[in-house]
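The same chain A turns up in both complexes below, where it pairs with chain B and then with chain C.
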Partner chain A sequence: MLEIARRFRRDGLNPVEHVRHILKEAHDDKLNVFISIDDEGALASAEKAEQRIRNGDEGTLLGIPIAVKDNICTKGIRTTCASNILSNFVPPYDAHVVERLKQRGCVIIGKTNMDEFAMGSTTATSNIGPSRNPWNIDKTPGGSSGGSAAAVAAGLCAGALGSDTGGSIRQPASFCGVTGLKPTYGSVSRFGLVAFASSLDQIGPIARTAMDVAVLYDAIKGYDPKDSTSVNKDYKVTSLDELDLKGLKIGIPPMFFGEGLNHEVEKAVREGISIFKELGAEVVEVKLPHIKYGVAVYYIVATAEASSNLARYDGVRYGWREENSRDLVDMYASTRSRGFNDEVKRRIMLGTYALSAGYYDQYYEKASRVRTLIIEDFKEAFKACDIIAGPTTPTPPFGIYDMLDDPLSLYLLDIYTVPANLAGLPALSIPCGFTTSGLPIGMQLMAPAFGEDLLLGAGITFQAHTSFHEERP
Partner chain B sequence: MDYDVVIGLEVHIQLLTDTKIFCGCLTKFGDAPNTNVCPVCLGMPGVLPVLNEKVVDFGIKLGLATNSTISERNIFARKNYFYPDLPKGYQITQYDYPLCKKGFLEIDVDGGSKRIGITRIHMEEDAGKLIHDEKEDYSYVDFNRSGVPLLEIVSEPDMSSTKEAVAYLKELRQIVMYLGICDGNMEQGSFRCDANISVKPKGSSTYGIRTELKNMNSFRNVQNALEYEISRHVELIEQGKQVEQETRLWDAGLGVTRTMRTKEESHDYRYFPEPDLIPLIVDSVWIERVKKTLPELPREKRHRFAKDYGIPMYDAEVLTQQRDVADYFEACLKFIDAPKDVSNWIMTEVLRVLKEESIDITKFNVTPEMLANMIALIKKGVISGKIAKGVFEEMHRTGKAAYIIVEEKGLLQITDEGVLREKAKAILDSHPKEVKSYKDGKVQLLGFFVGQLMKETRGKANPKLANKVIKGLLEE
Partner chain C sequence: MKVDLREVEHVSRLARIYLTDTEKSKFSAELSSILEYMDLLSEVDTTDVTPTVHTLSIINALRHDARKPSIPHDDALQNAPSESNGMFSVPKVIE
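Coming up: the complex of A and B.
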């Protein structure tokens, strides 16, 4: 991304030509990455950007082609959440982050594929079918922001926005060999992000390098009065310089290297950690005694919130509606049973159950209490270390249809990513190696709330001394 | 057998904020359907609520006015259910942590007073409105009301008669109107009431099974519905049957309550904390700031009026019904120290004109000073009470001061005994028959002669003097 910005000014790369080229590639794409492509809008903003660049405007993001996950609202461009129920929905407003990117002169290429309503980790539940991993088209790019991560890896955009509720930025970033950041809860406005689980959702950037991610993060972060959960504080510009890692304490929770971790992944991540050591960091063991309940807590909280958040898709005001219904109840029932796929319905039912009279205390209430314990675990751990490192996912990318009939095993793969969402902490996934068959592996770094500087600094430093992020599919 | 009646009331009031509770749309009533709407109050994908703090101000006001404890930590909750007028599929309300708790109201009934406990007051959003057209096989939804702020006031089951229930409602309605937080309009639904009611044998310590009543949009409806329901419960009990726990609708046309939904059909609202809103902290500074804006409350004012101005309790009640009327009354007293006379004029003439012409007293042509000055003219004997009525109408019509009207129209009272005697003599002379009858003992004819004299003077004769003069002449 920074590279393209430089070429716009030094190498005579023309922003309009570049975007035209990207659009052509996007239309020829075999990876099923885009749900919508906005040729007209993209070319119009590229032309404006070209003008500004010619007038000497140094804005880094001017003319930079960006892809946006299809659960982030874009004014005048269909925003479907990969769902039949929103297949015709065109928002009359931009999400706050989209507004911010447009102000910076970004070119929005199109809307990327995802799991329906971001519920999944493969994009296989999308109503347009799964996206494919650019490193091996039989493998999943991960999800739910699989389209965004694959688009970045395949060079169909310079950077992308995803959303992360339980790992949906980090896991696909890891599977596609790119860098992805789940920011601190409250640092990026959720206004215009179609809600899945409001207390966990965060929008974040995906790009090739930590530096590019930092630039995009700077563009989208900050207080937004339209989101009551966005935090009003001083947001400094993230430094793009290398960090002096001498004395940096990296915490390793043994649980992150426990049962179920693929040995190739373990090897690559351990090697990644030793690179940090060589750069001067110290490694300490930290205990996170309650994160073993993370997945269980996550699937109660997330589904409970989702069951309520998705109630508005009832066919009354917008979106798809079953027209041949007998009465009101029938309209609700058939609109929702035909509008949503199985996974979304499964989660709505789970969440509805968890909130039901007589079960609330046992499930939602209890999960909320364990969530507090997990938050406390991290507070305690960060007394002993500056960042926590481990694998982003327990396995390398798997086959597109491998896990379709086994939702429970699929849920368990979220084990390393959900704690950051439950605790509202920032977490970064960076490429740290490849399997013998050439599939990317990612390492996750976590920091205390608003510790993005540290995370990105560590990522930038790591990438200054490694070349995993430079590999191309 | 004798029975105890147990009534608790839930009141929803629509707040008079300019904008809605979670977005910037206007709360105006009566605009074209779906004009005061935006993505937030339409529940579109990805939008988020932002709390209008004015709603909290209003809630604190009512909390203080009802002696409630204001909660420091407030959490909004989602109440989940499907209905086409509910755009998000849930209502944002408060559940475990309401804004106000443990308050009470004093009501005046049967010459005594009673304290009615208020369990809680919480903030929430209103839903839209369905519009059914009988000619069509579909319905319309108007979302103008969606997101209009409400306060729900839940009482303790402390009322033991319909009379007390109505007194509580009237008191509460008067308070919210005094506070300027609600217009109190029951017909248009800005002041709505549901009742929980049960009946038990007198003195029994266990409650009877309760029913919930809805759809009572006037005090009369509340009264009738509760009375109907009490006798329905009593009848069932006397027949040895069970009262079913259910929600019933009052049918004002037929004068009966009907089952709306049974206990089995009741919703599981799946309340949980609203994750889109952070906890609302109400600190003492906020409460103090609101406290400073509290007016004198109706009951306080009522008792003060009766005591300080020596007017009957009935007068005090009428005068304090509306805050502006009470203010008008007190403003008059700045110009004339005659509370009962002022009260009489306001209760009869002023309120009649205001009602007939539906004008607001704050926009009334006859200012307190003008009314006071007119009453002063009566008290000084410059005009009679009867003439004053005409003068009052004229003041209202033209905005002119009373003394100017009196002067222009020559309405000065005739208090010159000589003048009246001349005119009286002429009247007696022209009615010899009646004079004879009087002298023969038909003394009630006195009124006839006085009437003639008043007619002759076009009402300007001082009535006392007219009496005296006629009587004097007849008895000469």
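Coming up: the complex of A and C.
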């Protein structure tokens, strides 16, 4: 991204030509990455950007092609959440983050594929079918922001926005060999993000390098009164500098290297941690005793919130409606039955059950209490270390259709990513190696709330001394 | 926790989702196995632990009670599956 910005000014790379080239590639794409491509809008903003660059405007993001996940509202461009129920929805407004990127002169290329309503980790539940992993088209790019991560890896954009409720930015970033940040809860406005689980959802950037991720994060973060959970504080400009790792304490929870971890992933992540050590960091063991309950807590809290958030899809004000219905209630139910696919129905059912009379205390209330214990675990751990490191995912990318029949096994793979969402913490996934068959492996770094500079600084330093992020599919 | 067919039907009514018989048995089996896994939480002692509803310390985000423009009427209706006289239209509720 920074490289393209430089070439626009020094090498005579023309922003309009560049965007035209990207659009052509996007139309020819065999990875099923885009749900919509906005040729007209992209070319118009590229022309404006070209003008501004010619007039000496130094804005880094001017003319930079960006892809946006299809659950982030874009004025006048269809926003479907990869669902039949929103297949015809054209938002009358831009999400706050999209407005911010447009102000900086970014060129929005199109909207990327995802799991339906961001519920999944493969993009296989998308109503347009799964995206493919650019490193091996038989493998999943991960999800739910799989289209965004694959688009970055395949060079169909310079950076992308995703959303992360339980790992949906970090897991696909890891599977596609790119860098992805799930920011602190409340640091990026959720205005215009189609709600899945409101206490967990966060929008964040995906790009090749930690430095590019930092540039995008800087553009989208900050207080927004239109999101009542937006944190009103003094946001400093995100640093793009390397971090002096001398004396930095990296906490390693043994649980992150326990049962179920693929040995190639373990090896790559341990080697990644040794690189941090060689650069001066100190490694300490930290305990997160309640992390093993993370997946159970997550799938209760997330589905409960989802069942409530998705109650709005009833065929009345927007979206698809079943026309052949007996009465109003029949219209709601037939619209929802035909509008949602299996995984969304499963989660609405699970969440409705967890909130229903007689079960609320046993599930939702209990999960919310264990969530408190997980948050306290992190507070305790961060007394002994500055950042926590481990694998992003327990396995390398798996086959596109491998896991579909067994929802619980798929949920269990979220074990390393859900804790950051439950605790509202920032977490970064950076490439740290490859399997023998050439599939990318990612390492996750977590920090205390608003510790993005620490994470990105560590990532920038790591990438200054490694070349995993420079490999191309 | 076992979720039987009657409970699946009850929950699907609450969620306003119709399920076929095949879907009912499938969801009964899947929800049972997922909830059985969730029972893991019962081993945690949570006496005197406050439930987290939110990870932030924000209590209330209030704004000034001032008039501001909202999205234009036509824009708000632009996605309506059916409209009449500038309003959302739905099947008849009262005979």
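Throughout what follows, the second predicted complex is superposed on the first by the 473 of 473 C-alpha atoms of A that agree within 3 Å, B and C clash if a C-alpha of one lies under 4 Å from a C-alpha of the other, contacts with A are read in each partner's own complex, and residues count from 1 in each chain.
In this text, contacts are C-beta pairs under 8 Å (C-beta built on N, C-alpha and C of every residue); 3 or more make two chains touch, one makes a residue touch a chain.
From a predicted model like this one, the values you see are computed outputs, not experimental measurements.
Using the contact criterion defined above for the overlaid structures, shared-chain residue A:Y360 touches chain B, although it does not reach chain C. When the two structures are aligned on the shared chain, A:V297 is found in touch with chain C, with no touch to chain B. In the superposed model, A:T229 makes contact with both chain B and chain C.
By the touch criterion defined above, A:F468 reaches neither chain B nor chain C.
Legend: residue contacts after superposition of the two complexes on their common chain; A:L193 is shown touching chain B, with no touch to chain C.
When the shared chain is aligned, chain B and chain C each come close enough to touch A:V316. Taking chain A as the reference chain, the count of touched residues is higher for C when chain B and chain C are set side by side. Look at A:R371: by the touch rule set out above, it reaches chain C but stays clear of chain B.
Annotation: chain A residues 89, 92-93, 199, 225, 228-229, 307, 311, 314, 316-318, 328, 332, 352, 356 touch chain B in one complex and chain C in the other. Only residues 39, 42-51, 78, 80, 82, 84, 87-90, 141, 268, 270-272, 275-278 of chain B touch chain A when the two sit together in their complex. Per the touch definition, chain A reaches chain C in the complex via residues 88-90, 92-93, 185-186, 199, 225, 228-231, 290, 293, 295-297, 299-300, 307, 311, 314-321, 325-334, 336-337, 340, 345-346, 348-350, 352-353, 356, 362-363, 365-373, 375, 407-408, 411, 422-424, 449.
The part of chain C that touches chain A in the complex is made up of residues 1, 3, 7-8, 10-12, 14-19, 23, 27, 30-31, 33-35, 37-38, 40-42, 44, 46, 49-56, 58, 61, 63, 71, 75-76, 78-82, 88, 90-93.
Those residues of chain A lying in contact with chain B across their complex are 71-73, 79, 81, 86, 89, 91-93, 95, 190-195, 197-199, 225-229, 304-305, 307-308, 310-312, 314, 316-318, 328, 332, 352, 355-357, 360, 364.
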